[in-house]
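By letter and in written order, the chains are A, B, C and D; residue numbering begins at 1 in each of them.
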Amino acid sequence: MSDFLTHNAFWILSIIKIAVLLFIVLTVNAYLTWFERKVVAHIQSRWGPHRVGPHGLLQPAADGLKFLFKEDPTPAGVDKFVYYLAPLLALALALTSMAVIPFGPNPIPHITFFGQPIHLWVANPDISLLVLFAITALSVYGVALAGWASNSKYPLLGGLRSSAQMISYELALTMSVVGVLLMANTFSLQEIINAQASIPLFGWNFFGFTSGSKIPVPQILGFLCFFIAAIAETNRAPFDLPEAESELVAGFHTEYASFKFAMFFIAEYTAMITVSCLVAILFFGGWLSPFPASWTWTHYLPSVTLLPFGLWVIWDGIHYETIFGKLVLPAVGFAMAAIGGALIAFPAVNGFIQPTFWLLAKIFLVLFFYVWARGTLPRLRYDQLMNMGWKVLLPASIANVILTAALLLWRGH
Amino acid sequence: MVPTSYYLILSAILFGMGAVSFVFRRNIITIFMSIELMLNAVNLAFVAFNQMWNTQGNKLDGQVFVLFVIVVAAAEAAVGLGIIILIQRNRRSLNVERVDLLKL
Amino acid sequence: MPILEQLWIIPLLPLLGSAINGLFGAKWPNKAVSSVALGSTGLSFLFALEAVREFVYVRHGELFRKEFFDWIVVPDFLHGGNWFRAGFDLQMDQLTVVMVLVVTGVGFLIHIYSTGYMAHEGGYYRFFSYLNLFMFFMLILVLAANYVLLFVGWEGVGLSSYLLIGFYFLKKSASDAGKKAFIVNRIGDFGFMLGMFLLFRTFGTLDFTAVFAKAGPLPAEAMGQFGTITVACLLLFMGACGKSAQLPLYVWLPDAMEGPTPVSALIHAATMVTAGVYVVARSHVLFTHAPTAMLVVAIVGCATAFFAATIGLVQRDIKRVLAYSTVSQLGYMFLGCGVGAFGAGIFHLMTHAFFKALLFLASGSVIHAMGGEQDMLKMGGLSKKIKYTYWTMLMATLAIAGFPPLAGFFSKDSILYSAFQSEHGGHALYAVGLITALLTSFYMFRLMFLTFHGKPRYDEHHVHVHESPWSMLGPLVILAVLSVIGGWVAAPALWGGEDHFANFLAPIFGSGEAAAGLSEAAAHQLELTLAVVAIVAALIGLGVAFWLYLKQPGKPEQLAKSLKGAYTTLSNKYYVDELYAAAIVNPLVWISTNVLWKVVDVGVIDGAVNGVAEGATAVGDKVRHTQSGNTRSYAVWVVVGALVVIAIIFWPAIRPALGMVR
Amino acid sequence: MSAPLIIFFVLATLAVLGAASLIFQKHPIHSALSLIVVMVALAGLYLLMGAEFVAAAQIIVYGGAIMVLFVFVIMLLNAGEEERTNLSKLAKIAGWPLALALTGVLAAAMIRASPAVANPARPGALSDTATLSKLLFTDFVYPFELTSFLVLVAILGAMVLAQREQK
């Protein structure tokens, strides 16, 4: 038994990692919906979900249950195979893309799995970025096929729109990254992050400074192109035409109900997360701390954020209306505070989680931007969308490539 | 260790199947797709040969050629599909056997 | 030596002028066109002068030769080097000097004249473009350093002559004359090319210097012996006959007078027609090795001189008289060359260029004055009305008639002298030459008297005689001066001094001069006597003309009646044209109509072409059924093709596989 | 039976099955999907041979762009199942045997020719993308520019074709 484990440790470890990652991602997905609804609600000066559980914290769970138990009709005359394939494809691809995201530089200290060091990623191909793009490229099919297979007008239009939109913005998406690639000379995400480590904050590709040279190669333009294109690529507002309620009912997933619909839903949010990871990694130094390593006190920032927040949650819970809330919220807050304290108590652990903390913080910020954009910006018209993609983003990203190359030459790269 | 010949035979088979469907199918789009299949088979052969000759790890001409093939295939697809759309628009049919006159 | 090193610029300038006028001139005003033409020719004249100065004073008269670029090169793979090379090589020696100066100088003057003469003609730009083109080719001809390049110029002047004769191409006679000139010249060129081939076969090169260097040492061939050199010389002379209108190929020149008068002056009197003489003189090394050829040249020249002179006696058209006199003067030149007096020949060429050009221009001025009338019998008494023309033309007439001290006297005199000196029937040649001189002076004064003296025979109310503009008279005057003093360079020879011209050419012809056996004093004595005789002959001709055409008008008619046969024969130019027509032209036409056209062309060529076409149609008719338009069957064909190709390529690999199948 | 060999056979079977279903599927969309399967399998094979960049390009361009175009057009034209006409006798009679013969000949040629090229491809010798790009921009720069021009022309052509002539 054990030698079986030792022999195939790598595979088993990978499977376990995948399981854990799936769990985390799905949970985050769930609460991302909650977060989105809350933020949008507050932007629109509403309360948002607050019935199911304290502050509506159980809303996602309720939604999940609803998805599971709802009736799942299959419309007449659909192409069964494709109809079922589409959501699976979408979800599978979206989740796969998470596999190559590195969440931290070094393996968990002191713990190995039958001799296998436990890294914070599932796979680390040295063309991970290309892999990501490949997956993004394929994820068009989920939407397109769904639209076609539903054998209905609105979905078909939605599918057409989305596939057109995706292949249009894929160009800009890819081109805008070339600048970063030129600076890092690699497709590996970890290498890209390490390439930004020369100077604490300003070494990030966004600012583009490097040790030993006065000339910066900022990727601001590249970042803008990438982010906008990514929003469009993930069919998020203000580019969510494929599911434009006002025109297409619900776009490509009009004919999908219950869990198949949930699949599309999860796929979309996972894509959001992936994109956020990419933005953080490509332009904002991934897991790198913005502060110089000499400032050791910055290591306490996680606890410094967790402790007061936990205490606030406890305080808030004590004054909460419902009994349930009075019980649960303090517990959650206590847990948070405890973690914060623990981090202070065990510096080894604290040091280990630093990179991950920073990466997650950045991802969180980007996600907040996502939601913010959705809450504020009106949806584009279709022609505006296409013009945006072909006449603005693509030229801009190409210009960015040229600019970066020129600057690098100047710098004597 | 996979011998090069395996790849070559696979590419031969794929090419042949591409030819079969090229002859056998009537739908213009499908025929077009079978052409793409043949191109892919050829690409496979290219890469296989490249890996065979690439002993120092610096001879990648085969892969370069594959890239060119891909680019050309993309251009071809763009134009070809445009033509197909026109055919459908003018003939109301995608069956090549119904499209056998140069003029309408 | 800036210009000499860049000799190519002299011919190139006229070419540029021609190109500019020909391409853009159509839209331009006459002023612009003429200024371009004049500018190019005048400039090349100046450059020529400079080049000559450098040649004479810097190089002290030693041959200058430069290869500018290769043109035709056949490398010799066996022995290396070039098996054959004809480059764009130009050379400059004394002979070239004379020719270049004559061509550019006279050419320039005639350009000036033309600006006035052609002022009211259509196709002004065309005319000047052609004229410049002619200048270019003529310069190439005289500057060329090998036979091939010379031949380029040779053909080129032929072409431009054709173009200019047919300048009024709407006039059938003009275009016919152009064709005639072209075709007759082809005959000569045929011989010329054969001569070149023979030379190349003999000497393995066509560069003048090389050929002459190789030919020089060879022993001279005996009289009556037809060795290689003799044959080559005769062939070259055939070309010369064509170009210089000698018997029997002279027929084109009189008709060439259809062209505008300046053309007749420049091309068909002064320069082009003398190209033949130039070639003979240029190849004198060869000719001196071929006495037979020399004799032939001499006889032909002499005969032509006499023959043409006789025809000239009775012509009524002023330009035709001049044309025949040109032919006969050319005959003189060949006579000179033929008796070995190349220097004298070239000398006469130069002087003739002066006075004959002058004659033509003056006659042009006359025609201009008479409003296009060319028949002398419809003129008369013009001397008062157009003084300048009259006096200049008189100068030219005196010159050509050989009155001292004008140019013609010296040149003709030296030719006759050398003829008299030459062994092989020198005296006969001299006699004929002398008679010809007499005839010349007769018909020239006949022309003068008919044109300028006596009472007007034209309707004075309709024809308003007017003097030509100075653009035409200027050249006349200059040429008149030249034809007066042109001969003085050789004058001292008379009173036993130096013949500067001969001395100048001596480096080339040196030995060529037929130095008679007798002593200096005797030779001088003889020369004087001959000169006196010649003058007497000229006077006789003048006298007869005076008596016939001024003293008793109407006498000529009686004469013509009394000697009707001779008169008609002469006025019909010995029926030579008719003879040629009967003997050559008509048979050719018949053959090409009935055999080449109706049998060969229609039957064989068209038949073959149409047959092929019909065959293609028939096959296509059968095969087209495979082209059903159905893509799938096409696909099948594609597969078949691929199958075949792959099978062929991989046959050795496939055979065993088939074996497995079996 | 080493791991690479297993992977190879899995992917090869996948590819062949995909091709087969490309032939036999009635509906163009299904054919397109099966072709995508083939392409992904081939990309896997490229990875197995260590041609990582080509593999990525295969999926991104072929899978992500070209086939999407196909699917897009199929959806746009709403192409249904193809009608089984047999207007071309030639294709009806000779089509199948000839195509099969072609396959056989090719395979035979490959089999027979393969001993000459016996040495196995070395998996894992990851041919790094840098070398590839260097090659692409030095030795093959003219073909590269040529292809870019070709693409430009193709874009223009597609635009001209696609727009309805408005009068």
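The criterion applied here is as follows: a residue touches a chain if its C-beta (ideal position, glycine included) is under 8 Å from a C-beta of that chain, and two chains touch if they have at least 3 such contacts.
Nothing here was measured: the structure is a model prediction, and the numbers come from that model.
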Listing by label each chain that touches subunit A and subunit B gives D
Looking at chain pairs B-C and A-D, which one is connected by more C-beta pairs in contact? A-D
When centres are defined as mean Cα positions, the distance from subunit B to subunit C in whole Å is 73
What's the distance between the Cα centroids of subunit A and subunit D, rounded to whole Å? 32
Indicate the whole-number Å distance between the mean C-alpha point of subunit B and the mean C-alpha point of subunit D. 5
As a quick test, compute the distance in whole Å between the mean CA positions of subunit A and subunit C. 96
Specify, in ascending order, the residues of subunit B that touch 2 or more different other chains. 19, 22-23, 26, 97, 100
Where subunit C touches two or more other chains at once, by residue number: 628, 630, 632, 635-636, 639, 642
Give the residues of subunit A that touch two or more other chains, as numbers and ranges in rising order. none
Please name which positions on subunit B make contact with subunit C in the complex. 19, 22-23, 26, 31, 96-97, 99-102
If you look only at subunit C, which of its residues touch subunit B in the complex? 628-632, 635-636, 639, 642
Once bound in the complex, which stretches of subunit D touch subunit C? 87-91, 94-95, 98-99, 101-102, 104-106, 108-109, 111-113
Within their complex, state which residues of subunit B touch subunit D. 1-27, 29-30, 32-34, 36-37, 40, 43-44, 47-52, 54, 57-58, 60-61, 63-64, 66-68, 70-79, 81-86, 88-89, 94-95, 97-98, 100
Using the touch rule from the top, collect the residues of subunit C that touch subunit D in their complex. 628, 630, 632-633, 635-636, 639-640, 642-643, 646-647, 649-650, 652-654, 656-658
